[in-house]
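Okay, so here's the structure we're looking at.
Per-chain numbering from 1; labels A, B, C and D assigned in written order.
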Amino acid sequence: MKAHKILQAPIPMRWVGPIRISGNVLDEQLSVPLATYETPLWPSVGRGARVSMLCEGGIKTTLIDERMTRSILLEADDALAAHQAVQSIKARREELNAVVAQTSRFAQLIDMHSQIVGNLIYLRFEFTTGDASGHNMVTNAADKLIPWLLEEYPDLRYSSISANYCSDKKATAVNGILGRGKYVVCEILIPREVCERRLKTTPEKVVDLNIKKNLIGTLMAGGLRSANAHYANMLLAFYLATGQDAANIIEGSQGVVHAEVRGDDLYFSCTLPNLIVGSVGNGKGIEFVDANLTQLGCREPREPGANARRLAAICAATVLCGELSLLAAQTNPGELMEAHIQLER
Amino acid sequence: MKAHKILQAPIPMRWVGPIRISGNVLDEQLSVPLATYETPLWPSVGRGARVSMLCEGGIKTTLIDERMTRSILLEADDALAAHQAVQSIKARREELNAVVAQTSRFAQLIDMHSQIVGNLIYLRFEFTTGDASGHNMVTNAADKLIPWLLEEYPDLRYSSISANYCSDKKATAVNGILGRGKYVVCEILIPREVCERRLKTTPEKVVDLNIKKNLIGTLMAGGLRSANAHYANMLLAFYLATGQDAANIIEGSQGVVHAEVRGDDLYFSCTLPNLIVGSVGNGKGIEFVDANLTQLGCREPREPGANARRLAAICAATVLCGELSLLAAQTNPGELMEAHIQLER
Amino acid sequence: MKAHKILQAPIPMRWVGPIRISGNVLDEQLSVPLATYETPLWPSVGRGARVSMLCEGGIKTTLIDERMTRSILLEADDALAAHQAVQSIKARREELNAVVAQTSRFAQLIDMHSQIVGNLIYLRFEFTTGDASGHNMVTNAADKLIPWLLEEYPDLRYSSISANYCSDKKATAVNGILGRGKYVVCEILIPREVCERRLKTTPEKVVDLNIKKNLIGTLMAGGLRSANAHYANMLLAFYLATGQDAANIIEGSQGVVHAEVRGDDLYFSCTLPNLIVGSVGNGKGIEFVDANLTQLGCREPREPGANARRLAAICAATVLCGELSLLAAQTNPGELMEAHIQLER
Amino acid sequence: MKAHKILQAPIPMRWVGPIRISGNVLDEQLSVPLATYETPLWPSVGRGARVSMLCEGGIKTTLIDERMTRSILLEADDALAAHQAVQSIKARREELNAVVAQTSRFAQLIDMHSQIVGNLIYLRFEFTTGDASGHNMVTNAADKLIPWLLEEYPDLRYSSISANYCSDKKATAVNGILGRGKYVVCEILIPREVCERRLKTTPEKVVDLNIKKNLIGTLMAGGLRSANAHYANMLLAFYLATGQDAANIIEGSQGVVHAEVRGDDLYFSCTLPNLIVGSVGNGKGIEFVDANLTQLGCREPREPGANARRLAAICAATVLCGELSLLAAQTNPGELMEAHIQLER
């Protein structure tokens, strides 16, 4: 019966690049796979990639932080009991980590944060998770931590294994402020001449548009930590091509572009505080995904986490390529639509 | 060369259902295709679907509004000139609509909103776009409106064809407040007995969890109009299976669950103010997409827009199925992880 | 008994200025009263005022919009009934206005917006309210509209006279997007020489700081439409000195500074979308308030609303003075603290 | 000359109460001074106070956390240099604290958080500040930390002494998530009979209204951590009467009401994560302020910080009184306006 058979949704995919990437994670040039129905994305990212090849060091990517989170919801008798329990729990991180260690070789509890509302406890566990994005690993860890906590603190009661203070796949501020996924910054310094010849624009125009559109425009829209034009498009295409849980583009889309004229050049940076990617886990065993990850050099024998960090750096650089290209296009009236019309044919 | 060849990313897909749907758009029972790497989603939505079959009228879906938006950015000499220009432009909607009509048979300008910042004008055009989600249609319309505006208002200057006040694929408040995509509300009244037998929970537990997790939890996370557990997962899978621009799950994820105990039953509703879907346009011509849309009954000869509204209602009902199922699971300690472990095998 | 006697809290107050103001509301130079415990505010605003006297036209203030709002909460049987009721109610604005007219000579219903959540109706009434800020006027109007609505739509049920979709004195996006209070933009063009001599800074430094602090800094803080340094301080002091409901500084603080180097000069603008002020109503009859309003020229015989608009323009210009002065100070390491130390003595 | 003379703005003030308060800070009953132009606030808070006297333990207040913050903005050469500098700085808290100690006997650096955007460093210092609210203390500390940092890290450059990642007097998420001011939770358990007789409502009605208005209504308004009806009103009046910097009601207004029916009673809680108050500092030397603080028992010889914590607990309990009273009123159609009309006479 149809309803029980596993089928396939073959999304169009193309390799785009090469992109020149340097930084504290990798130093190479390589192409990236992008799966999308929005095929004008390919030449758009491709243009950014070509620019990267013309700039010294290409796109410098810096990995700042990494963690995966799960918040649980417990109830105490009142706020005071909640407060005392939280203080006690936070002081016992080593014991908690011993519980976590039973669930995974890779999961490690690195921090905890909490909020108390009335007698409710929102407790956010923050883990490193090796090469996995870590969704299941942290759920599994929480699943073991909860009974341990309920036994150690018999006055607490279970409310939920996920309390939305994680926050998974929802537009919130907590992920940017406390961290969730990889925090990556990409920077490129583009000579004016490259700007003019390849991007048909000037450093001044890109800087100006970024301020008025990405910073002020999003602000007026009531945006939440989202000063960019279309991070989401690149993230989606890269995530689909590499077997990621693409619903995490929601957090991923919350990042900020900062650009400046420096001397005669354009400094252009994309900060991505919430890039959730893994090189192992759900979906990674599918044949084409495995092939893509291998081709990207993210299936090498490395220390746990190194393949995932490499993937994050490549993903972030891809985002910069597409963001730069679209902003450049929007500085010129008419170019965007023309490009769409030409490319969709 | 690899970089130039179009390949495919075959995402696992399954038909789930049937779901019983009624309301002001359709009255049927039908299965839905879901493409995802997160395969536990299938049985989760499936459980919600089975519940829908046991409730009178199943899932009532009400379509409240539909529109697609594009904001442009213009500059005036100062705020006063900006204000006067905006007032004048808003008064000439019919003339603008004549310009829009040259670009599409389907696009129709139905409203305009604006923000003025210093001398900057953020002008948000709001269109109906027939059966298309409308991204390109509104870009095309804006592309023609801009030269017309610059000619009619020679003191205005072009700044950008997209000003982030649209807002496309970014976490903002404007889409929920002014509208973008289809605004759909889904409701279901679940007898206590069905709750207990099929969802292994009670109306009281679901209501309680919704308040503490979806409403208060998201609030504490600094969330923006996002009181739900995982709308994004169902949206992504449905969007991929039906050729949608899945980056729009970002807006789509911003919605609210409201649940109440009514008499002895559970009233459970999912409000989705920003559902961006189309039955024609980019991606819809791909063979499997076309087949899926046809199977869903969204390729019938109907008045413009009717197929897209049908698709939106089906999508929203699918979201409710998955949301209900996960919330029910989270009311029981341990169930979530067990389900994951069983299903992933 | 102490608990029943009305006492006084005498807040320190000083007149600061004169400020040179032009624009579509007034064209004058005048001093403003500021009541505050934070007395360094006086010289800070005073410095901005002196700058305004040295710039052509001083501070140009443009009033863009004015309205006061009240949202009510009604319940229907389901979302469809809610939708149909809202559509019908919106089509009967004239009838509603007749009901409103019974409650006040000045209140006039100019628009309505709504949100539907499940079967809940959030209905936002938007009024002009003459010279009053309008809090009570719109509550009174809502108080009469509700019974009328419940009689006309017997299937609707009362839930609340205020539904937080107004939104009064809370950090939300709706006020900026749909309007609440006066929407005022202030602009000034400051010659480089004035910048350097009076503000001890350069146009470039102020522009740079505004981008990095007000725009990006607030964004990273998860801010909501709040790209400014300290609008709130000036608003509080002005509101207290003129008998306003100063809790409305919460909405008032949500505004954006936009600055640019233009030629050799500094273009500096403060956009204040939610300035809630009145020249009549609660608190305005107190002797010193009345004297201050009179001194500001806001007690003259004018058409209804003109005195309040004048007050809003003056208030906004005052905000610009203080905002400019603090930003200038923060471009120089050490200046801020020195100023505080000197002034507090 | 008028512009140079210090005058007074005598705001109407009344003592309201007594309120019954218990918890981890104080256990007493006492009246509170409220200065406001909105005089209906007095009987509204008074009603809540009377309810507190009828409930066992009255209002239980729990102080969860306290800190005052200042963020500075530095620039590095690139993101990598920024990252390395931040890591190094965070590891040297003791050295930083030695610098801080030179500026105040009371300021103590207890934590640091950061954000990196391109090459920009937003560094948030978090201090305890004794009995002062701490605005000036942390500015002073930052003023000394900056030259120290610039000397220790010669590759960093000064950008601003305040980077809006603090955040002071602006609607943001960071304060709630990382902490700013006192974090206080107030709880009360109100017997049904008291609800009915004193508040003219039922536990069920209050719970229902809180969900639909404070939680869902604010959410639909695009609110930011602000699920309450009017915290701001009580905060403003209490702040003005006790010499606080009342512009901090902006952060203060960001809090959440959680209510439940428990057995036959109403559990009602107000969580206030960002209560910024001090018993010493700016404004506290003014005669009536000093008298009010003394009357509240906040000028006693106690360990540093104890008077300020006491003040915070009293303030929070006052907020609960007013919040409870207004919500109760809004459950009854017509009561709000009647109350206003009666009381304003």
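Everything that follows uses one rule, which is that a contact is a pair of C-beta atoms (placed from the backbone, for glycine too) under 8 Å apart; a residue touches a chain by one contact, two chains touch by 3 or more.
Here's who's who by UniProt: A, B, C, D = Hydroxymethylglutaryl-CoA reductase (NADPH).
Not measured: the values here are computed from a predicted model.
> Any chance you could name the chains that touch subunit C and subunit D both?
A, B
> Report the chain whose CA-based centre is farthest from the CA-based centre of subunit D.
That would be chain B.
> Round to the nearest whole Å and give the separation of the Cα centres of subunit A and subunit D.
The answer is 34 Å.
> Where the centres are mean C-alpha positions, what is the separation of subunit A from subunit B, in Å?
Distance between chain centres: 22 Å.
> Please tell me the distance, in whole Å, between the geometric centres of subunit B and subunit D computed from their C-alpha atoms.
The separation of the two C-alpha centroids amounts to 38 Å.
> At least two other chains touched by the same residue of subunit B: list those residues.
115, 117, 120, 173-174, 176-177, 216, 218, 220-225, 256, 258, in rising order.
> Applying the document's contact rule, which stretches of subunit A touch subunit B when the two form their complex?
2-18, 31, 33, 35, 37-39, 71, 73, 115, 117, 120, 122, 136, 139-140, 143, 146-147, 158-175, 177, 208-209, 212-214, 216-218, 220-226, 228-230, 232-233, 235-236, 240-241, 243-247, 249-250, 253-254, 282-283, 286, 288-289, 330-331, 333-334, 336-337, 340, 344
> For a test of understanding, state which residues of subunit C touch subunit B in their complex under the given definition.
Its residues touching subunit B are 23-24, 60, 62, 64, 78-80, 82-83, 113, 115-120, 173-174, 176-178, 183, 185, 187, 222, 224, 256, 258, 267, 269, 271, 273.
> If we count contacts the way the header does, which residues on subunit C are in touch with subunit A in the complex?
Touch list, subunit C to subunit A: 173, 176-177, 211, 215-216, 218-222, 224-225, 227, 256, 258.
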